[in-house]
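Structures are listed in the sections that come next.
Shared between the two complexes below is subunit A, which pairs with subunit B and subunit C, respectively.
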Partner chain A sequence: MTNSKDEIKNIPLKEKLILTFEENSEKLLGKKTSHISKIKQKAFENFKKIGFPDPKSQAWKNTDLSEVLSKDYEQLFNFSTEGTNVEELFQCDIHNFDTHIVSLLNGWYVNPSEQITKMPDGTIVGSLAKATEEYPELIEKYFGKAQNKNNNFTELNTAFSQDGIFIFVPDGVEVLKPIQMVSIINHEKNLLVNHRNLIILGKNSKLTFVQCDDAINHQTSFTNTVTEFFLEENSNLDHYKLQNLNNNSSLLNSTYFKQEKDSNLSTNSIILNGGIIRNNYHVNLDGEGCNSEIYGVYLMDRKQHVDNQVYVDHAKPNCTSSQLFKGILDEQASGVFNGHVLVRRDAQKTSAFQTNRNILLTNEASIDTQPFLEIYADDVKCSHGATVGQLDEEAMFYLRSRGIGEKNARMLLMYAYAAEIIEKISIEALQLRIDDMVKKRLRGELSVCDKCVLHCSKPDKEISFDIDMSKV
Partner chain B sequence: MLLNIRNLHVSIEGKEIIKGLDLSVNNGEVHAIMGPNGTGKSTLAAVVAGKEGYEITEGEILYKGKDITDLSPEERACEGIFLGFQYPVEIPGVSITNFMRTAINEQREYKGLKSLTASEFLAKMEDKKKLVEIQSKLTNRSVNSGFSGGEKKKNEIFQMALLEPTMAILDETDSGLDIDALRIVANGINKLRTEENATIVITHYQRLLDYIIPDFVHVLFEGKIVKSGGKNLALELEEKGYEWIKEEVERMS
Partner chain C sequence: MAKDKDKIIDKVTGDDYKYGFYTDIETETIPPGLNEDIIRLISKKKNEPEFLLEFRLKAYRHFLKLQEPKWAHLKYPPVNLQDIIYYAAPKKQKEFDSLDEVDPELLDTFNKLGISLEEQKQLSGVAVDAIVDSVSVKTTFQDTLSKHGIIFCSFSEAVQNHPDLIKKYMAKVVPYTDNYYAALNSAVFTDGSFCYIPKGVRCPIELSTYFRINAAKTGQFERTLIIADEGSYVSYLEGCTAPQRDENQLHAAIVEIIVMNDAEVKYSTVQNWYPGNKKGKGGIYNFVTKRALCKGKNSKVSWTQVETGSAVTWKYPACVLKGDNSVGEFYSVAVTNNYQQADTGTKMIHIGKNTKSTIISKGISAGKSNNSYRGLVKVAKKAENSRNYSQCDSLLLGDKCGAHTFPHINTNNKSSIVEHEATTSKISEEQLFYCNQRGISTESAIGLIVNGYAKEVLNKLPMEFAVEAQKLLQITLEGSVG
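Up next is the complex of A and B:
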């Protein structure tokens, strides 16, 4: 790690992290007496106790992190642009898709002008670190309240995270412009990043949030992020996650949604590339009349690995949740889907649906899929199912009989398969852009880590990330 | 001769379905193939179109004088063979527009022609839609997805109109159609008829042949064409049923 790397080279990552935390505790904990500081200290103590998960445990047996956890990583405890031209980052706008862009570089909030912005309607957008100073009452009310208390990586994140995105939408406010978070990893050495986001939707409010994870260079990185979403009564969140990382990246993305009465969640993950990607979705339906739509599509090849873990907790009656995850795995790619719906005893009139569909294009590609319902209420409508198959032979023949070559016919069918998820994207400009990316991905033309994923088809606006060694 | 099938034997998983079939079709002709269920009508159509999973154990299929049995389905399509499916496949997520534009342009590329531009293609599509009385919204939908039986069959003829094949084989295009849809589909087929192209209609019933007048009618029975004749043969079959053919076949053997 940064300070005393040589001394701690040959000891396991957990021990290194413990030492690093203790060495940097002043920076990591901030004011010792603050609320956050106590939560972080507690998380650290817990991580010290539980460490990394048992590779044989149910939750981890199909995703092997041994190599990721055996590497040596640096952590950056202070913000540095490392020569990245942050001005240029903000010049990028997407045709027809007007968003408010907030960026993270190596886990740190980047904005050349101000760290946090309060808009005329009262919406606050900016750095979580800055928000902790300026809006301590908001942070105290929400921080750490949605997360799972005993998750190894969440505890690690809670202890180590220093910055990330903070969004607060006041009661009754509809944020018209989608907020797009671009998280970029760009470092000349192996890097471990723990960033943290906190998104709060007040009563009757509305927000569209697009979360992009990207790696600029081909260096090894391990990103462990936690995002907590709070959906107050009758609020609406439209959430998109785009993951397009290089093959040396490991991304562990834990997303916690806490939903109050009559709130609506739609979350849609588009996973196009990455070395190892693990997404934990934790949806807590903690009020009556909530609705959650949890969708995802993954297109993986080479030795890429994707793991989606979805946990939906129906704690209150009259809620609906639907999950649909679809994947295409080519070459030696592997995937995991673990869906768990818990319907508690009081959660009568629950409707919960869960589907995972997969296409394996080769004999070496694999998927472990496990949809699972745990139901304690008696008046519920629930279903679950998983399929693993190949491309539809009849459809292939139909296309070919019209003169379409085998390769294009396969592409059309794969695209059509993914389109079911893409069609659910409600912002047209975003849908078109993602549609374009998926087509490129299927043709093998989508490059990773050139620029922010959403800018991939605008080569006229190059962003350069040359590293100036003098500043490191 | 446009299509010349000689002593064709076809097996599926070791079971012989077509047992020595001969059929010749010239440009400008319409042939009807009739026969009871399970006698190999759909197998014949699929084999000519190049579907995998069928083994040709004997005989040959000559198209424009060349044996096509080694060609892929897409190559056969580009050479001008079209199969109208008995059960058109639903493909959610692929729009008819995208599907047909890809197909036409791949066929044009095969023939060394320039791709149609988007506006040229759309104009062509508008033109052909009228032929089968298709409402515009149908073409924006996914291929056959959620279509009624009649819409699916209309869509087959619409595709045929766009692709302008030389040899069209229509496998039970009349099944599942009400009388209005049948009239529309049959009119479409008749309008597409030229001196250069040929059509084989496979059907159970005479009623389609009230609209499409065939030059020849063949009866396929137990993997062979056992009787051929003019359009009156269809009427005879309608009147006497297939039992009559069965008896005649038995008597001969």
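Up next is the complex of A and C:
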């Protein structure tokens, strides 16, 4: 036992990070006296103490980070667009999908004109670094308040993050245009990125937020991102996560949602490619009458690894939560699902549902699923289910008996399987786009595009199955 | 109405432990403590062959390197292993040939427990191996069994009479390196049951072991080894009780089952160790490693357990489905009340092709107790076409208890199907109303509902045990369940 712990402590990356932090502390901490600076200093001290997680621990035993952590990474402490044509990189355009786009390049906010925008309705969108200067009272009130204490990678992020997206929706404002965040990694060397987002929804407000993580070259990168969402009373957040990275990229995406009374959350993750992807969802239902819907679909192949960790904390009565994660694992891909629903002692009248379904297509693919329920209140309705299986033989036979080729029939069934999640996307344009991407993905045509997936403004050809689905 | 119901639930969950008496039998004990000398002393007392002592010492040396597992959803003060007496035996002059020679106090004890060795012999035809503290006091029906070639005796006897079998099979399913408590048990185990069913024999009667902790300050560390040779069948029962004491006593047992081609073993447990008083004082710590190896093709193992006792339970009967087409089953009812804590479940390891497993687990928590299901279903790459179905339900009686489910599923091939389902709920107002409406009092209705809820598992118990298990549910939960 002691041996393995020593090994963890001796991971050079940790030592290196500690040194880098100390060398660059001025840049990282900013004004020594500020509130944020204190939080960061504390997070750094804590990271120094706890380091990287024990690979044998329950939370990490199924996701092996040893290779990721053994690599040598560069960190960028200053923003530069050197070697990148920013204009060309961020020409995002989805048909009929009018969004307000905010972009991150290697973890830094990119906008040639202004760092922070205040819209007529009072909504603030922009760089977190800039917001810290301009709206310190907002940042102080919220920054670091939703995150988990003692999470190794969150502490690392808190200590090292310098920039990210900041969104503030004032009370009573409905943001009509979805805000889309595009985070792109483009660097010639191995890169470690710690960026941080803070999204605040005031009372009775409404926001649609699309979060895209992409890598545009094939360099190794390790992204450790933390996003904190605050949903004040009766607010409504529609959140989408699109992940399409190259096989050398590792992405650790932690999202913390803190929900107040009667707030509504719907989060939808579409995971299409990536070397190692780990998504942490931490939902804290901290007011009565909250509702959370947490959905995800993952389609992995080659040696890709996906890990979804969902933690729903029912702290107050009369809340509902539902989780649905579906995955298809092909070739040597591996998947992990760990759902944990905690119903605290006084959280009576809670309804919590949790489902994880998986399809394994080869003998080399593997899945670990752990749907946990931890319940301390008696007047609750909780259920969970997990299945691992294959495409339905009978359905397959049905299709084939009607003259549909095996390959097509398989594709159809897989598509139908994934469609359950895609149908939950409420923005029509986005739904069509993702639908298209999933079809492409299933046909093996969507590896990582040279550009961000959402860039393909006009798909070279309309993707449809060889048969007319409406007649099936 | 709601208050009424709460009162009734309080009442039905507040009954006392009925087996808490202590029998004053002359007992031979050794000084407390855990070290190599104690292990040598135990081994000497039991007149063991050299290989067994070596095994114990190896296990002990390994044990020293281990740390107590902390991952379970349990909270209890640490156990001081140095305070425990590792060997306590009712004094006896010689081997008993018939029941008349057994200490009348002892017979009385078993009569009080409702396990009349005498009566069982005449009426139900169950062969009983009764174990008090560290040693086996009596095994009934040995003659009848030996006619079929079945060996059913205490572990110590087996060591003396069949050392070759012990050497061949012991620690093959649960090696001493397996876990903390398995290592401890391997070092200090004192007795247990041994059973060998020869090829093609269908054991004509149920075999049963009855465990009783009697002496104070002792721990019970027994080992059970069951070998079912090709084409054989045996149904095996296990029951346990202990006196009421304020201190916590440790029970760390190992059960190993080896099943050959086409053989079947049905293992049923009714665990009713002293659960501690209403304030959570005293009670048995029950840390048990149970594992069955389906070694041969078409073999089958079925675990059925009714867990009502113990202050703390840490127990995961497992099936290693190594032979092709082998089948593993796990049926469990776990009831916790007052301050009891149970972390129990199963492991199904699919290694052979076309292997099947079923898990049905029903947890009932009341009072301030915590009841967790923890399970693992693992399908290895080569376990093609294997199938698992798991269902774990929890029922909450009262708003201060907890019910938790921690399933782990690991699948590594494309042709297997694994399903897991779980629900957590309380007794619904509608169900109660339905019963009330038909003139059934709330108290009887709760009894009915709990019983109906557990029925699926209780049905799997052999008849002799089903009655006892139902009685136990009554004792643990109320006066009128049934």
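A few notes on this one:
In this text, the second predicted complex is superposed on the first by the 439 of 472 C-alpha atoms of A that agree within 3 Å, B and C clash if a C-alpha of one lies under 4 Å from a C-alpha of the other, contacts with A are read in each partner's own complex, and residues count from 1 in each chain.
Throughout what follows, a contact is a pair of C-beta atoms (placed from the backbone, for glycine too) under 8 Å apart; a residue touches a chain by one contact, two chains touch by 3 or more.
This structure is a prediction, so every number in the text was calculated from the model and none was measured.
Touch criterion met: A:419 reaches subunit B, while subunit C stays clear of it.
By the touch criterion defined above, A:252 reaches neither subunit B nor subunit C. Applying the stated contact rule after C-alpha superposition, one finds that A:68 touches neither subunit B nor subunit C. Which of subunit B and subunit C touches more residues of subunit A: that partner is C.
By the document's definition of touching, of the two partners only subunit B reaches A:401; subunit C does not. By the touch criterion given at the top, residues 392-395, 397-406, 408-409, 412-413, 415-420, 423 of subunit A touch subunit B in their complex. Against subunit A, the residues of subunit C that register as touching in their complex are 67, 71, 73, 379, 381, 394, 396-426.
Of all residues in subunit A, those touching subunit C in their complex are 1, 58, 345, 348, 358, 360-390. Every residue of subunit B that touches subunit A in the complex is listed here, in rising order: 49-52, 72-74, 76-78, 82-83, 85, 88-89, 91-94, 98-100, 102-104, 106-107, 110, 142-143, 159, 163.
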